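Shared chain: chain A. Partners: chain B in the first complex, chain C in the second.
Our next item is the complex of A and B:
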């Protein structure tokens, strides 16, 4: 550790030297980087017939697995767009209308994060099942004549996903909207723009940073999640993460599961790369 | 608030927005409220609305040993991994926040990376790796996995908190003769404490519900609460799952409220 020399001028005082990083770097190298690298090796069987990329070939050429890959991306895309549509007005409300109630709304927005995934899916099963509250209500109002089982469908999966993902979207967008000067909107209104026009040409473009951050976060999280699909989908939705879980529980095909995991990681890495690129290009990032 | 009073009557779009917010809050709360309601059901199968009020499912979770023992494992794991994550993450965050070296950006990306790796992939990779190192399926393996996951949450909030502080405070302490250790203990740590606690809270909450990471390390001694709940649900579908879920949520809410009393909820979400 270097002696504490008081520095003047441009360099600020530094309490913690570079050596303070060593323990965590060592820990993550041993228990994070190396295991993931080992996973890469595990997915590439050197000695076997079919070559090093055997599992990846299987994943990217077999119709069944290509279908699952595409379905994974589709589910993530739909869940992301749905969360955006559901969450944007909430973020807007929090920043522009909530005032002193903001703390209460923040609490309700993050409540799903305080509950376990089991609790949330359990709750949706109670509400959406054939004898659940939703069916009872719809029957009472005469909107439907026969109860339908909404649990165990893809709609239930999307409802469950949006419920848990929308907090990420709302918080990402509201933190950016907070920085947008309300006078810009007021100026547009004064200059004669209608509400919709003000929103589309002023508010929305200025909050695009939060939209990008929120969308990519939600997309990546959905790609990696499988419990909502497992507990609410009833086998209707098959995604890559769910397949990894099933491979582990049933067939124990370690190499193939490792290869699928690496594809998931690649998708996540591409998404974060895209986020970095997009936010640099828009130049709104501070 | 005075400005709002001077405004015109709220127009139709504003009223629609308020109505939408009400619907949204119902959407958020409905499944959670349904579970809490079912947990007080007197019926042994799940119907809603419940036929009568009873505490029997709370007694059931006290009697069913795996629930209680796995809850204890979960809490020990969550607190232990957050503490270990803080011990490893805080010094590094303090160092990286003020560094202008090119490697600092790269290093902070490494420390934040575990958040971006799907938990199921990390759990899978760690299980086979730690088994090869003959750690096997032990509490230690689980603890290592959850510590890896805790580090980014703590580093992220401490980086943000420490960057917002002026270095002059510590420099003053140093000029006034404080040693490096005294400056750390009496100036720096008290100032970054909200960031440490906010990050640790996120880490604890994530750990309590990190089923994708935990279920790989399942055994009688290492089953966490969500793992036990999942396997219970595969065999039985009764309201005791609702009761234990409610207990778990109350623990999380209590943690949030204690932290809110100490540091304020707005400061936690601001980071």
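Our next item is the complex of A and C:
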């Protein structure tokens, strides 16, 4: 009897091997890793008086810069919470009630991301300005007697931020909610939970992965965004990203700008580390 | 643990979705402690009925009365129900014990009571040692029992079972049928079982309501529905039925009727009928495969030829063809019959084994 021929078909079938990742690895190495490394070097000037960590010391000890760092984090936090409050109901509605309108809602949720940030931000300026639609409307209805200056306040910044960021929140939450069986909610109802307690005990804990992902995305993106602050803040809000922009445009202190960029980078890395850790803890029960 | 059960009455409930009537006005009285099966193919309205009882859907007309209390307008959480879903629907973020105690927690009982009660329930389904396990660590059958324990922990008035055993493999399903039935009897809890599995309905319920296209076709004791199906649909949905058409020829002995079958000119089958049959009336007869008897060809009501024989473990299944009859005829026998070499046989049946079917609704 001839020995059995090894069956080639036993090897697991794969469409693509690991080598297919090479182009993207190459691309990221050249256009992402190298610039980052260069930035790191730029932020740590070797031969200068203040030492290698001069810029970082300045950033983390000078009261003015520490204040801006804290304000940056505060703005990101508030924008994140606002996006969560606005986004969760939309995501819930999309998944549970929209049915065949789901696609339409996704479209309208994503549309802000497809318009240029300049257009979008100027749109808000027009709406919120002294003689804009908002003031005209409020005046017409007699709700206010003189026009508000909302376009020059921090509220305008938050409106602009939430507008852009809510899609990240909605899509993160809805993708997780989609996996939460509606029968779990029905089970809770039959077992005696009202709508609110069903939400608190079943829906919310089961969608926590989506909330974490959405919040971290929004937080990180807010940290790095500056056009909204620049165009809608009217100087009321000063964040690290704005400061980087100013370093480049006005003072041209590239080293300091690089240091600030790296701090933002670190915050982002910490956030994603936290997300990985949280999801690994909660994700296993599925 | 036995307590007086609570009756459930459905009074003319109906439901349309987007202009399509999915449930015709339906009246059902379920006695205290009774297990009623809603049996039918998918889309027959059985699940809609269950969802209306649960309070997930509002009926367009009619009312639901649990123990004399009209609950039609009440939300699901105020109806005192227990429910077991096909996919068990256990909360993945809670332990087994927390799942069972959930209903008690929602009812505001304190932690000590909850633990005691949920332990008692887990003991009832023989899973006490799994209290602290995560849900996904249990097998399908165990999850099923946790779901049952959870549904019963709050001592609900009515137990709703939505294809409760559908996801289990055959052996386990049969064991669980008896176990579930035993617990239901012990607690004397009024129950509705939704299923498309006729065997499950026959095994588990006190009465079966066979549904089709949003209407109940027949309600009765399992043996009634099985042995005296009212329509062809019922006879074929509850197992296999051999259906013959014919014309009433004359009255036979002892209240039986003799029917000339269309298939073969000499074929004269006997049947009983609930009311007298007019001679010359067209009738449809149904005979269960296990009620057909193989006899020598000349003694048979109808002559047929064995086409196939399949051993099915507890019985032999014969597939036969008869001249003039376009459907295959099925016959189940406990023993292997000795056949003539050419495979030609006669088939006959006792008059009480044939049922006159009514017209389809």
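What we mean here is this: the second predicted complex is superposed on the first by the 259 of 286 C-alpha atoms of A that agree within 3 Å, B and C clash if a C-alpha of one lies under 4 Å from a C-alpha of the other, contacts with A are read in each partner's own complex, and residues count from 1 in each chain.
Basically, a contact is a pair of C-beta atoms (placed from the backbone, for glycine too) under 8 Å apart; a residue touches a chain by one contact, two chains touch by 3 or more.
Here the structure is a predicted model, which means the values were calculated and not measured.
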{"item": "Which of chain B and chain C A:67 touches, first, second, both or neither", "value": "neither"}
{"item": "Partner chain in contact with A:51 - chain B first, chain C second, else both or neither", "value": "neither"}
{"item": "Which superposed partner A:273 touches (first chain B, second chain C, both, neither)", "value": "neither"}
{"item": "Partner chain(s) touched by A:179 [first = chain B, second = chain C, both, neither]", "value": "neither"}
{"item": "Partner chain(s) touched by A:137 [first = chain B, second = chain C, both, neither]", "value": "neither"}
{"item": "Chain A positions touched by chain B in one structure and by chain C in the second", "value": "195"}
{"item": "Footprint of chain C on chain A - complex, ascending", "value": "181, 183-184, 186-195, 197, 201-202, 205-206, 282, 285-286"}
{"item": "Interfacial residue positions of chain A with respect to chain B in the complex", "value": "4, 6, 12-21, 23-25, 27-28, 31-36, 38-39, 42, 86, 89-90, 92-93, 97, 99-100, 102-103, 105-120, 122-124, 126-127, 131-133, 163, 166, 171, 175, 195, 220, 223-227, 231, 241, 244-245, 248, 254, 257-258, 261-262, 264-265, 268-269, 272"}
{"item": "Chain B to chain A touching residues, read off their complex", "value": "1, 4, 11, 13-14, 17-18, 20-21, 24-25, 27-35, 38, 46-49, 87-89, 91-92, 94-96, 98-99, 101, 107, 110-111, 113-114, 116-122, 124-126, 128-130, 132, 144-145, 147-148, 151, 155, 167-168, 170-171, 174-175, 180, 183-184, 188, 205, 208-209, 211-212, 216, 225-226, 229-230, 233, 241-242, 245-246, 248-249, 252-253, 256, 265-266, 269-270"}
{"item": "List of chain C residues in touch with chain A within their complex", "value": "54-56, 75-77, 79, 81-83, 85, 87, 89, 91-93, 102-103, 106-107, 134-136, 150-151, 154, 160"}
